[in-house]
Amino acid sequence: MDNLTKSEQQELETRLQKRQVKEFMTLFGGLVDNCFTACVDDFTSKALSGRENGCISRCVIKSMATQTRLSERFAELNQSMTAEMQNKRF
Amino acid sequence: MSMFGFGARQPTSAEKIAAVENELKMIATMHARMTKICSQKCIDATYREGDLAKGEAVCLDRCSAKFFEAHQKISDQLQSQSQAMAGAGGGGGFGI
Amino acid sequence: MDNLTKSEQQELETRLQKRQVKEFMTLFGGLVDNCFTACVDDFTSKALSGRENGCISRCVIKSMATQTRLSERFAELNQSMTAEMQNKRF
Amino acid sequence: MSMFGFGARQPTSAEKIAAVENELKMIATMHARMTKICSQKCIDATYREGDLAKGEAVCLDRCSAKFFEAHQKISDQLQSQSQAMAGAGGGGGFGI
Amino acid sequence: MDNLTKSEQQELETRLQKRQVKEFMTLFGGLVDNCFTACVDDFTSKALSGRENGCISRCVIKSMATQTRLSERFAELNQSMTAEMQNKRF
Amino acid sequence: MSMFGFGARQPTSAEKIAAVENELKMIATMHARMTKICSQKCIDATYREGDLAKGEAVCLDRCSAKFFEAHQKISDQLQSQSQAMAGAGGGGGFGI
């Protein structure tokens, strides 16, 4: 199934690029949601306070670090799971 | 492949339409997220009243302004972080 | 990029109409979810009680008012943000 | 453009298929939402038992009936509100 | 509108099969989310404990039973609603 | 129709691409779900610190390992249940 021709590979590449854009937008949107929900709770003003700005900034940094760490773990776990499944099959 | 969107070649019709569609989609998604969050933050969920209370309405106005500010701020922060990491690289970017 | 030909504009129009239908369905679904979750908590009967019916009805009215107000604000904020970004660029 | 769906012209194959697909999609979405909400309302989340308790099963039955009733009620309410606002206008509509 | 030609029916069939695969994946993903969230809360170890394993297993069984019961109810309710709406129309 | 994927006939280009795409999509969905859940389970949501605390980092590592184990376990359980119900039937299956 993985034996794609050149033109099939190109088509797949194009689709994966679209997917990456979409995934990035989802990640960005999730970050805004999460950090806004966690950090902003005072609606006596219409501008972000110093405290809220600081919280959002730390939230973004921490969330990126979380993403990075989990992506590393995910890649490792996914690889070892794939290897295990292939051992079962053959 | 080019760093500047479609590069030198003319974008196809499908690409032009997809680009406009994507931008509108992003705006719609942001709108939906804001509506969800600001409703949760501002609206009394017991629904003893059907009308928006004055306090709720003011809260929605401020919440939406803060949401836009946070959205912009986070977009800028990611952009400067990704530039710090990637060096010059342009193209993609995080801005709305 | 925004210079579309007539046929491109038509194709875009068609797609936007599909999107609007989809967004309306999402909005409607969200309304049902939200108002049902907030108003219905008694499962000693299989029909909605008077209290639940009243709560759902007020919830729908209030949610529509919320939607309308937030959409107005969103349009204003989006416009001023777009204007600001164009000032930065040029 | 017409107020009555496809108007006088024949719908294309793609349009006919999309219409059936959309209806099924809407039903599937409603099913998914109901499952999520009624599970949250009725099922004990400690999972000390693997079997559905009698009380849980009855709760699910009533919750699903109430969900349909609420769905229909909200659909009717939106429809009469939109008619009150828009005057005559037909076409779209909110019903499932 | 429901009068589809043979080739239209085939195309629809293909699409519905894709949809079923997608819905199954959503259901499976929701099950993992729900049962993991409900059953796993101890991160002093990187392997699932006996208690967690038991909880997950019961959660899967119970969730499947819930799905089945709700699907039966949904089919009944959907049928009677459709019948009611047709009575209104004609 | 065949129980073995595309059966005897050659899959078309579109089918081959869709199959690879679906597999990648599934992995991406699993990744997104894990990120959401493990963040909720492990990260202090007050954001008084911008750095990942040591305890949070270790929690993320263990949470991801447990998530994979649970994912596999649930997949196996569904597969054996569906086999018990359906008898022989192969093809689809629940594994990642």
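A, B, C, D, E and F label the chains in the order they appear, each numbered from 1.
Keep this in mind: a contact is a pair of C-beta atoms (placed from the backbone, for glycine too) under 8 Å apart; a residue touches a chain by one contact, two chains touch by 3 or more.
Labels paired with UniProt names: A, B, C, D, E, F = Mitochondrial import inner membrane translocase subunit.
Remember, it's a predicted structure, so these values are computed and weren't measured experimentally.
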- Item | Interface with more contacting C-beta pairs, comparing C-D to A-F | A-F
- Message: What's the distance between the Cα centroids of subunit A and subunit D, rounded to whole Å?
- Response: 31
- Task: Give, as an integer number of Å, the spacing between the C-alpha centres of subunit F and subunit E.
- Result: 16
- Inter-chain centre distance, subunit A versus subunit E - centres from mean C-alpha coordinates, in Å: 26
- Message: Among all residues of subunit C, which ones touch two or more of the remaining chains?
- Response: 35, 39, 56-57
- Note on the structure: Among subunit D residues, those touching two or more other chains are 42, 61, 65
- Between the chains shown, work out who touches whom and classify the graph as line, ring, star, complete or other. ring
- Note on the structure: Listed round the ring from subunit B, going first to subunit C, the chains are B, C, D, E, F, A
- Residue ranges of subunit C in contact with subunit D within the complex: 21, 24-25, 28-29, 31-33, 35-37, 39-41, 43-48, 52-53, 56-57, 60, 64
- Given the complex, residues on subunit F that touch subunit A span 11, 13, 16-17, 19-21, 24-25, 27-28, 31-32, 34-36, 38-39, 43, 45-52, 56-57, 60-61, 64-65, 68, 72, 95-96
- Item | subunit D contact footprint on subunit E (complex, rising order) | 1-2, 4-5, 7-8, 11-12, 15-16, 19, 23, 26, 30, 34-35, 38-39, 55-59, 61-63, 65-67, 69-71, 73-74, 77-78, 81, 85
- Message: Under the stated contact criterion, what part of subunit B meets subunit A in this complex?
- Response: 22, 26, 29-30, 33, 37, 40-42, 58-59, 61-63, 65-67, 69-71, 73-75, 77-78, 81, 92, 94
